[in-house]
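In the two complexes that follow, subunit A is the common piece, with subunit B as its partner first and subunit C second.
Presenting the complex of A and B:
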């Protein structure tokens, strides 16, 4: 885990620097920032399958990683915005077959209710297949206008991938945060 | 396809048409007249001011995004036409040019292959494409529809296109000459707010606003930065302002209104930001909420979507009321209760203006702008993800 800690620290520090120093943003933009994204979702959320049967629950089976990965309430989704890959042929940490995982990601910090640790979550998008259309989730806590690139979930973060066509979003654990979230 | 259509018509004509019970064929009434094939519904030479354009992100198939042309005065035929606006497309409407312009992204094999970014010119008389400009580099910014990623300048002879790779820049395009003029690096700044006769301003990540004037070749002639025009941590401004002439009224996530005068060569802060106010009955408080969260009418009043459950993260949920603000008096002049939680608001330029909102469930509702009275709902009949509403002028 030590390696992950360092990775998380590097991500966190990079993002922190980006928020306060405009000059670093261009550099930030070249590679660190991140990912997933989407929006407005009340509209799509309401109209995707109004009144339809909800997805069957998908859980990890591990009490230390609790919750239904097909619902917006799952702990890792605290800053996600898009279709949940668990409902699209992939999983919480893996893209569906035929897609490409975006190498550029947006990072969130979410608290796991089972062990009360704050984890760094990387919301890599899956790209190259048209909109999944299932299990849309949009949470905007901490979302800021597009001017603060790395804190905005309205960008299509299928960047650096072969195709910019967006399919769904993952929520991958990349480490334990050094500081507790607000 | 023509032979197939003719075959079908013939077959239909020959097939024994069922007659109305009890009525002998060929007696009593004249047959229905023959109808012309082919037939395409014409558009009026002058589009009525009850019409609006609505950007439909089409979330479940973003590659097939659209702009829909909608008659808000028609309860039974509201959808007039569809203009393609593919893959996070942006659009511009110009009464002066009699054109709709779309800035789009395509792949040669729909989801894969060679990427092409292009501006397409759609003639308002028949909505057929009459030209295009290919944008170089495959770098057009793809995001949920923000109108200020694609804007006119230079008296609508030029357009500016936002890029995001994620390095940020602006492409300057000469629409009449059908050519790209220049690309301007814009590190740390986003969105394009046309400023002065030929130039633009952008909001920057350090809280500043940057303005540039452009020379005849589309290069930056002069520029200026004004520091600290917004507090992004505590009072971040929504990126979609209400335009009153060349004054941009931005609203913050907590309801602070800040004006910028964009009529000169560089942006000027209008002194004296003010709050939209508050009202009882909220838990925990009223805050602006929506996508196109603020807009203006022809008289310069501001219409703000407000949500009574305002808190951190509520800013895109949509509003249940519209608060009408007179920016000259810095006062709220009306509250309009909505039929449903709504994410976009606009006011038509009719003699008797109507307020049009798109609801979170995709429905479009129409209100009398002066009285706030509900007039009609168009239902969820025109768009899947109605994000931005532009009134016809």
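Presenting the complex of A and C:
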């Protein structure tokens, strides 16, 4: 025990001899300057590249269903208004874990560029967890003013589910539209 | 000889497939007033299914069920008019002929068992008149009154039997 005391004393005295009281200021100052300079260092950031994509594209691999499902340009999103579930841990036809698919949906039609036919798309919202915030997409083709309640997509369609908190939107094909007489 | 055998096998296979297809096809029941059932189904998907569900089941909080329910309105006074004036029908973006086709199809598809024996299909002209005067805020009250009407009638019939 005595030896331990001696050791501690020697260590404390050597620190006191070897450092000045103001050296704390010098160390802190160096730290602050270093922290300020750090972001200026030439670090490559993928998102700043003009042609780069911030994430991996998600495709079906099927030539009949072309396009990247994480981008708003994907054909099925023509009437969507919301966050894409493909960017939120779900997919174009399924909800992210922890959310519930609303049974009540907004339904529209989109033209598939592969065959130029109009498909009926059901935009089921995923509900129960706060907004995903990724890949906002707001294309609204066929959207009608709010006086036509059933054809307006600004409403929260999370009404039929347990929780009315909106997370993201899917785009499920439910049928092929017939040729309409003009 | 092998040719004949091949022909025989081909014939048998075709016959079996045809029989299988025939067995899987649901019997097509008549739907008076439905000129084009395929068109009606597409229109149902586009204009109704989003809220009333693909099978017409609905729920009691957001959108009323139509399955095993919708044709019962035809049995009470004012019910036939209600089905043409309810907002989802009256304000649907379809012309009168397609809307009449759709309403008749919906009745037969989701509630054939309650269809009155003497049902006259909705015509484009009748739909045209009804949709001129759509129900607005009074729709909930109107529906509740009609539902109470046919529920009571159902009970009376039960007691008589």
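Of note:
By our rule, the second predicted complex is superposed on the first by the 125 of 182 C-alpha atoms of A that agree within 3 Å, B and C clash if a C-alpha of one lies under 4 Å from a C-alpha of the other, contacts with A are read in each partner's own complex, and residues count from 1 in each chain.
Everything that follows uses one rule, which is that a contact is a pair of C-beta atoms (placed from the backbone, for glycine too) under 8 Å apart; a residue touches a chain by one contact, two chains touch by 3 or more.
Everything numeric here is computed off the predicted structure, so don't read it as measured data.
Of the two partner chains, subunit B is the only one that A:138 touches; subunit C does not reach it. In the superposed model, A:159 makes contact with both subunit B and subunit C.
Residue contacts after overlaying the shared chain place A:105 against subunit C, while subunit B stays out of touching range.
Comparing subunit C and subunit B on the residues of subunit A they touch gives the larger count to B. Touch criterion met: A:120 reaches subunit C, while subunit B stays clear of it. In the superposition on chain A, contact is made by A:146 with subunit B only, not with subunit C. Applying the stated contact rule after C-alpha superposition, one finds that A:129 touches subunit B and leaves subunit C untouched.
When both complexes are aligned on chain A by C-alpha atoms, subunit A residues 104, 144, 148-149, 159 touch subunit B in the first and subunit C in the second.
Partner subunit B is touched in their complex by these residues of subunit A: 18-23, 25-26, 29-30, 33, 37-48, 50, 104, 128-131, 133, 136, 138-149, 154-156, 158-159, 162-166.
The touching residues of subunit C, when paired with subunit A in their complex, are 38-39, 42, 45-47, 49-51, 53-54, 59, 61-63, 87-88, 91-93.
Of all residues in subunit B, only 57, 59-63, 87-88, 105, 107, 110-112, 115, 141-144, 146, 164-168, 187-191, 203-206, 208, 232-233, 236-239, 291, 312-318, 341, 343, 358, 360-362, 380, 384-387 touch subunit A in the complex they form.
Those residues of subunit A that touch subunit C in the shared complex are 103-107, 109, 120, 122, 144, 148-151, 159-160, 174-175, 177-178.
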